[in-house]
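Structure record follows, encoded as structure tokens.
Per-chain residue numbering starts at 1, and chain names A, B, C and D are given in the order in which the chains are listed.
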Amino acid sequence: MEGFSDAIFAIAITLLVLDLHIPDNETLTSTAAILNYLKGQWPSYLAISISFFSIYIMWVSHHKLFKQINVRNTGITFANGLILFLVTAVSYPTGLIARFFDTPSANLVVAIYTGLFILINLSFNLLWYIASRDRTLLRPDISEADIKKIQLNYIYGLPAYCLAFGLSFNFPTIALIICVILWIYWAITSRKLDHEQNESQNK
Amino acid sequence: MEGFSDAIFAIAITLLVLDLHIPDNETLTSTAAILNYLKGQWPSYLAISISFFSIYIMWVSHHKLFKQINVRNTGITFANGLILFLVTAVSYPTGLIARFFDTPSANLVVAIYTGLFILINLSFNLLWYIASRDRTLLRPDISEADIKKIQLNYIYGLPAYCLAFGLSFNFPTIALIICVILWIYWAITSRKLDHEQNESQNK
Amino acid sequence: MEGFSDAIFAIAITLLVLDLHIPDNETLTSTAAILNYLKGQWPSYLAISISFFSIYIMWVSHHKLFKQINVRNTGITFANGLILFLVTAVSYPTGLIARFFDTPSANLVVAIYTGLFILINLSFNLLWYIASRDRTLLRPDISEADIKKIQLNYIYGLPAYCLAFGLSFNFPTIALIICVILWIYWAITSRKLDHEQNESQNK
Amino acid sequence: MEGFSDAIFAIAITLLVLDLHIPDNETLTSTAAILNYLKGQWPSYLAISISFFSIYIMWVSHHKLFKQINVRNTGITFANGLILFLVTAVSYPTGLIARFFDTPSANLVVAIYTGLFILINLSFNLLWYIASRDRTLLRPDISEADIKKIQLNYIYGLPAYCLAFGLSFNFPTIALIICVILWIYWAITSRKLDHEQNESQNK
């Protein structure tokens, strides 16, 4: 299950670059024109960078979650399928942002983008809810505090994404910034969890 | 063999999203026009969702099958190749449904789609027939009842897919619903199998 | 090294299906027209099927080869890179056959196709030459007869592919048939090798 | 972490071939025209070959690096993410070289290409800087000399790539040749490292 999920994350993250279009060598005949074209693609670079690191952080998070799960039941298989489905879908709103972020429709495409991350957050919450409800599914030595910490970590994401979604209709740039801040937050808190796990291993 | 098959399933499932086309920012200049375009793509969302979860269930099923197989011979290698070939092909009729499900040609594309699943079902049956015919290929502790149960599980799929195929010429929507019901059935029966395996492990 | 190679084989084999193009729903408005379009794509189905099973057989062969190799040196890394490079390239002549096999240029595209397989055969021979030259690189219990058998198996492929290449300029269909016969031969001989390995394991 | 990184390298390396475009069978009606088209694509063959072996060498290098690292912290996760991000991006400047290397804009696209490899080199240096700064992250039996050798190996790449970048504005072909020489150098030095590791294992 983990190997299969890892492969899907890896493919989804690598396909993002396909959103970059190589200009035509018949219409762009001067170096200045090519440079201009490449500069004009900045929404693509922005969208791909944000989506790459978001999927990367989600993979780190997903990997850590599955380390806590010893036994899989149908509920976990289904919730995991939902996460994977939504992760593979990220490339589409990424492409929309790449194409429309510098148009007056930026609010619509950022709303779709943040809306997808709300769904991903909900499916992560669902996975952990199903897994932590039945303690026989988790690794035996997990502490009650760790279960709670993971749960809170995902639940805190929900209002943040909803805020980003709400703001996207008027302030799409701020909505994207909230997403980036959220991923930096998860990157840092994932470090803290690491540290504690190492400590508990050393005891 | 399993790692290679898993990778092919993972890639086939992730490539489905490439059927979604990003609208052109020169022809669609208003937010309403983009929203309209995105709404008009509902056959794509439908086709991709159904195909994603169908491949996902097939992967779960394939994974479970290969857990029962200890030794591989040429027959298994060939039957597995056939399954993988047909699984990678799923994206094509998915794309046809995405493009033509809201046209008068819906019956044709759904017939092709369900026809492909008949072939996939036959190749799963072939794989299990080859594997279960020679008990030295299976894991030693598998029970006769489990072998029979797996066999019936795949064989039951055949008339259901044939029914879907037959109905698709007049009622394409009902044919797709039969496919979805079949996958839900397999998701639930896969749980029961899990449960029994855990029971036998606990003894 | 094996996991990485397997992944490249898996991706190369799955990308083949991207050669199939979904017809446009604006130009094809009747079911008959779609059916006609799909029938007209038979060179694509032919090319993809042949390439799929050829890469599949090559993967089986590659997998078997690396089971014999215990230690990797730069030569093996380079020869393996060459194989992987040529395997990822298969999709391009496959696409050429798909597009041009039913045109008067069939001989050119089949010549390119068989020419690529000559190169792949040479790189497999190179890999086994480098590996078998220094016995400390192989698994210790491999017999001299097995080393010879693997070597002959690859070397026999060379004149067969050269024959197919030569014939392709006048009889492209016969050239493709030779390729298919060759893969069936390898599939069968790979079984024999399996059998012997099992026997030696049982002793 | 390694399996996930390997998968991304494998996908990035395989997607390169998508830069090759299959000619249209309606505009190219004679064998001579197809042959001419295929000959005209030589910048694509050049770009894909160079990028394939560059990613391949980087994968070998990355694999070797992660064998030295026992424990991962957030810094390593982030630096690794940066490497993977830049590796997936290689296909874009590869496509630019494929399209523009035989135009007067060759200098621009080669500058972008070599510029990306400067960034990849910097991120490899960053990864090893973070890993080697805290010796508890490395495998316990690594020698001080090996740490230094790896560090120098990456650091030497920086001025070479900067030279290639600087030359690309006037001599794009020479800039590409420097890249190729650099990869051959790394392929050879990676052999030497292998040899020494084997020696230390034998002691």
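Simple rule for what comes next: a residue touches a chain if its C-beta (ideal position, glycine included) is under 8 Å from a C-beta of that chain, and two chains touch if they have at least 3 such contacts.
Note that this is a predicted model, so its numbers are computed, not measured.
The fewest steps needed to get from chain A to chain C, moving only between touching chains, is 2.
Interface chain B/chain C: under half of the residue numbers present appear on both copies, so the contact uses mostly different residues. Overlaying chain B onto chain D using CA atoms gives a rotation of 180 degrees, to the nearest 5. Centroids built from CA atoms put chain D at 37 Å from chain B. A separation of 26 Å divides the Cα centre of chain A from that of chain D.
Residue positions of chain D touching 2 or more other chains, listed in rising order: 3, 7, 11, 15, 18.
Within the complex formed with chain A, the residues of chain D that make contact are 3-4, 7-8, 11-12, 15, 18-19, 71-74, 77-78, 81, 84-85, 88-89, 91-92, 95-96, 98-100, 103-105, 107-109, 112. Those residues of chain B that touch chain A in the complex are listed here as 3, 6-7, 9-11, 13-18, 20, 22-25, 28-31, 34-35, 38, 49, 52-53, 56, 59-60, 63, 187-188, 190-191, 194, 198.
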